[in-house]
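The following blocks contain the structures, represented as structure tokens.
Here come two complexes built around chain A, the first alongside chain B, the second alongside chain C.
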Partner chain A sequence: MEVADLPLSPSQRAKLISAGYTTLSSLSALSPPHLACDLNISEYEALEILRMVASQSSKTFGGTKAIVVGAQTAWDMLHEENFITRITTSCAELDNILGGGISCKEVTEIGGVPGIGKTQLGIQLAVNVQIPVDYGGLAGKAIYVDTEGSFLPERVFQIAEACIKDMVENSHFRRKDFQTCQDKLQPNAFLENIFYFRICSYTEQVALINYLDKFISEHKDVKIVIVDSVTFHFRQDFDDLALRTRVLGGLALKLMKVAQKFSLAVVLLNQVTTKFSEGSVCLALALGDSWSHACTNRIILYWDGNERYAYIDKSPSLRSASAPYSICGQGGNQISFTLQSCPEELIDQQDITIQQLGEKDIYVNYRFNVITGNLGQLNLVLACQFEGWREEQGGSVGQGTTAMRSSAHCSNAGSPLVGVRLPTFPASV
Partner chain B sequence: MKPENPLHLLSQKCTTGCPIIDRVLSGGIPCNSITELVGESGCGKTQLCLQLLLSAQLPISHGGLRASSLFIHSEFPFPLRRLKQLSLSFCSSHPHLLPSQDPCDFIFVRAVQSAEELLVLFDRIDALLTCPPSKLPVKLIVIDSIAALFRSEFENTPADLKRRSSLFFRISGKLKLQAKRFGLSVVVTNQVVDVMGSDGINGLRVGNLSSLYSSGRRVCPALGLAWANCVNSRLFLSRNDEIVSKDSGLVDGGDGGTDVVRTRKLQVVFAPHLPEAACNLLQILSTAKISRLTVALYSTD
Partner chain C sequence: MREGKQSDQCEPFAALTSSVAMPPLKDLEREFSEVDYNFQQFCASHGILSVEDFLVHDLNVLVAFAEQHPTSKELKQGITRILSIIDNHHQPWLNGMKLLEDALQNKHVLSTGCEGIDLLLQGGLREGQLTELVGPSSSGKTQICLEAASNVADKYMGAVMFLDTCNSFSPRRIACFLTRGVSPSSKEDKKRSLERVMSNIFIYSVFDIFALLGVLQQLECKWRSQVYTRDNQVKLLIIDSISSLITPILGGNGANGRSLMISAGLLLKKLAHEHSLSVLVTNHMVGGEGGALKPALGESWKSVPHVRILLSCDRGGNNLYYASLLKHPTVASGQAVRFMIEE
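For the complex of A and B:
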């Protein structure tokens, strides 16, 4: 249906056509003030025209179609949700509580104390988004917005290497030509597919987020945007907290729009701050209460004893849950023990034997030789890595690392034997 | 705005002059980021910093930066004598690697008494970084110590703490900006405070180690959680004295009596590129041989 067929006064029709509005669809997404401005008519008049257009279009297209362009029925959305892709975090238990990983089309905020592994998780996601479709990934690219300077290429390289190794290990059961695939997978290629922006002030950060829309429409294969961290520059110079809230609110809206429009995942990393409430101090994510409305999902990382845990603090579709995760140097595929004792110079290569593999506990003996004289108290850290551990019948896969500290006292050169029980294996092993 | 390719990002590192520490740090102190050294007094923070000032001058092939450095100190006096000692032994151990002049010519020193003064200094630092007065560019900035600037001026009220943390972020923001523009390696030292009781805000776990111990006391880095958010990596230096009798064979040529074995330990609390790691730096203080103290602490021999 054309504008020419609308029951409008001739002058209004002429104005609409001369302003370039010839079809109904060109009108339906407009707001009254916008139209009033374009046609140089009063806002009330514009509203009347738009009402007319709305009633006409609902007549022509029937009741099932949306009245406003861009709106969907809940049924359509439910149908669409089944196709939402998720980006794995490489941690089985974390993926479990997240329903398969970080979901596209949503803004997810991840916060935690320094050193908990926010940046590591960010880099891991930037790498995992590139996993080829054959291996169950998205084969996308990543945008990494670094405001803190914690993005070190050597670490990205390590993570990419471990990710490739993982893919190859998991795929070799079902693929015969994995050798050829392996040749295609190079850590360097993973690094090249990350668009890295280093941001040094909040004005740059605002500018970049405004620019993202244009950048992504030129690079359609971007599937994740990571901002590490969204907070840093906003904790410097803002005496006017109301202004900060407005600017941040604007940023959050832009990011949500980008996530929806290009169906990509947005991950914002946030810091933790202390909050005074009723005289006592507690921990809270930075940027205040109003910011907590800005993200769709909120994940908080925390320490529990010696293990790192992730907790879903806010999510419209996931229930609150927490899961342990770990950060390890290089992904391994089997149980390996290394004795990290110091000073390394003073200890000969050790031999480590697994004495007993119980249901949940593993007993390990390790023996080492002291080269140079006496040492007094020695602090020994036995690190154990286990990934991809496969039970013969059940087929469950466990992942993680754990470290056990113990100390040995050696008064003279010799070979002390220390037995250690590793108590914190997850139940799946 | 153009994205950078991570493959082409430089990740240069500055050696500490000690192979053991370099191994723990996988090559040394990284450029383009802020590394914090935390430790109680007498742990060797300043010592390590001074050594960095010298090793930064080494050629890149030897792990250095081939650069001069800026030392901003807020603790007085400046350890000039120690620097002189170190530079002499440094010259003799690397005779062909250094520029012909005295290594001290490539070290710029500046005293700072308050946080505001430090901020003002950062605004003026550009001239020094763009056209350095020596023939080597400045690639290393050491601030010793950041804690001393903040420990007297601020009260423990919410308003003051807020002002303080906003200053932290401004200082860190400026430092990171300069570090990015000029490829600087930035090192700041920080003091520790004792932890009273088992929990409370100071007992909060930050990083790999559930708690830090030095000289048998439980400590935590000064300046709180806000500052911890401002640095990229944090290294913890601790020391422990242990009295051992001489005939235990620990010291050769022992003639009875007691020795103090001082172990200094460097631990990675958190760093984006490093796993949890630590190394010990053993030092023996013999009551008879005090002179051994001056043997360069962070060297392998």
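For the complex of A and C:
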């Protein structure tokens, strides 16, 4: 292997090559004082170089099954994917188009005009990552990197309170014991688990992202890194655009590496700028075309009339889709359903999906499996988590899997449902 | 040049087998008896201390001097020996017939699974060539890479190596490509065949150019030392995207970045030719004059890939994509196709 391909500083490389060391093998049996004397550098530097050379040569021999040491097969990754929990955004439609939420091990970029709710979404994610595992969250901590100064602790408190309220309501249906973890689920505890960094220049931003590796190795339960916003310090007073491209490219790679190495989600919030293309003016995300490959997924938030919409612009596995969302005072609305049988414990394998039909209509599809036969009368309860609303239906069922579909109508996409009509239960399966 | 330097204890030959090493003459003494002390003194008297000095010296003059020396026969043997060592270290000469044979027998065409791209390339990706997909963001580059990976692993019984720099490898999408259009068989069969194919796709994440060069060196070492017949040899190597590795180092005050980019490109082409595999890389676009987009990585990169395809997305929202051929060794460039990538 050539010395030219090693990760050394240019001056070190030049010194090595002019002294005649052009390959790894020529450096392998060398002692640090000897090298220091040959190159006219300090012994410490020579030791560093030789240590790095030793680590490189140890990598060249791998007789493992994988072609390259450390490679994974697609089959293993497919199974691993099932265990990756996603971070919910507290908005069912947005979660739907994202396939469940923001996924870990990926860098997601969210961009939009000012005032559309990027910071709110960032704060919501920082709170949602802390939801305990029992309630479908990751029980992790969050790192919030603030470049604009738009982080308000009061708002975080509000959102944390609303999240806890949601979990309390949820606990009735999941019959989880809320009392045991009540002390952990105070809004103050949520605030404590967010590591906040305030950045005032682009050099600080670069330094922080370089430091993230070390920080997260010490705080292994960090599961999300939010940068709000990644563009701010790169837009004004940056004369050398080539330098900006290089710095941003390096930043993007480091964030990707952190996301992959620690299996966490990275969310970058971006601003928009105007772009002239083919004579028309349109909005595009800031930082240019070369930043476009710095993220795995991209979501663009925009206004459509009076409503906010989210659009998936780039994703390797999700289809392009739009979803409406809204920001409410309490902090997030979650439309979700649970299915129970009455008498209880007679159905399992619940599968409830919500399908957005139009702007204000939804379908609730639910599938379940009846455990015992010969029931006669079995009541099904489809419950929605809005102010304790429940609806009951009765009918007779036999054994086997049953799939049902009901329709629901919303008066307003952001407010709680006013009513869900279930169809009459079939007489026989 | 390096008189005081310790030579490799284990293998002076290791120094020789690298393409650039020019060891001092006394390193060769252990292996080759003709290069003895007498010979070294003779050479030293003409200012020749290493193999490199030997090459730049005028050999006729040296031979003439050797004739006049009392031990002329041994000296001439020494000179011949050094020349033969040097001869062993360049690639063997090939003539056109041998190249054609190699092309017909070893360098097959791999279909990508995407009909539009196959049509454009008149068959598919050719082994031994470096193909580049360039396009703006969200124009289908990663999708075509995933589709090609799944198709090659499935139809050609070869391994696929996927070097991922932006965490965009999606196993779910691969499974989706593999199971579409397959006749309904039993669930067990389907699962088993999926496992067989997907275990042949290897993913490795690289986040800087040195890691990439390290991986390529590792592969080269491993393949060079293996026996000729190997089952499950790698047929396709994908790097998505190589431009994100090179952009942080390109430009600035040194030409370092550009040299690393070119050496990565040359190493890829060498691997492709010597081991009969196809290399697929993706590149993004940057703004050029007048606001038009042009491929990133500059003018020096343009000559590195054998085939360059320009992709763009039809913003009508119906999964239509356009591809046109920018450069190809045998097909006329400028042709364009329109195709669809399924959900």
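Rule of thumb we're sticking to: the second predicted complex is superposed on the first by the 256 of 429 C-alpha atoms of A that agree within 3 Å, B and C clash if a C-alpha of one lies under 4 Å from a C-alpha of the other, contacts with A are read in each partner's own complex, and residues count from 1 in each chain.
Everything below uses one rule, namely that contacts are C-beta pairs under 8 Å (C-beta built on N, C-alpha and C of every residue); 3 or more make two chains touch, one makes a residue touch a chain.
The structure presented is a predicted model; accordingly, all values stated were derived computationally and were not measured.
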First, second, both or neither for A:F151, with chain B first and chain C second: first
Partner chain(s) touched by A:K314 [first = chain B, second = chain C, both, neither]: second
Touching partner for A:Y196 - first (chain B), second (chain C), both, neither: first
Touched partner set for A:T273, first chain B, second chain C, both or neither: first
Which superposed partner A:V133 touches (first chain B, second chain C, both, neither): neither
Which of chain B and chain C A:Q260 touches, first, second, both or neither: second
Those residues of chain A which chain B touches in one complex and chain C touches in the other: 276
Touch list for chain B against partner chain A, complex: 1, 3-7, 9, 11, 20, 23, 26, 30, 32-34, 158, 165-166, 169-170, 173, 176-177, 179-181, 201, 204-208, 210, 224-226, 228-229, 231-232, 234, 242, 244, 248-250, 261, 265, 269-270, 272-273, 275-282
Chain C - residues contacting chain A, complex: 1-2, 4-11, 14-15, 18, 20-22, 136-138, 142-143, 146, 149, 159, 161, 165-175, 194-195, 198-205, 207-208, 210, 213-215, 217-219, 221-222, 234, 241, 243-245, 247-252, 254, 256, 259-260, 263, 284-287, 291, 293, 296, 317, 343
Residue numbers on chain A that touch chain B, as the complex places them: 113-115, 119-120, 143-144, 148-156, 188, 191-192, 194-198, 200-201, 204, 207-208, 211, 215, 231-233, 235-239, 271-274, 276, 281, 283, 303, 305-306, 328-329, 340, 342-345, 373-374, 376-377, 381, 403, 411-412
Contact footprint of chain C on chain A as seen in their complex: 1-2, 4-7, 10, 19-20, 22-23, 25-26, 28-30, 34, 38, 56, 59-62, 66-75, 77-78, 81, 105-107, 242-243, 245-247, 249-250, 252-254, 256-257, 259-260, 276-277, 288-290, 292-296, 298, 313-314, 316-317, 319-320
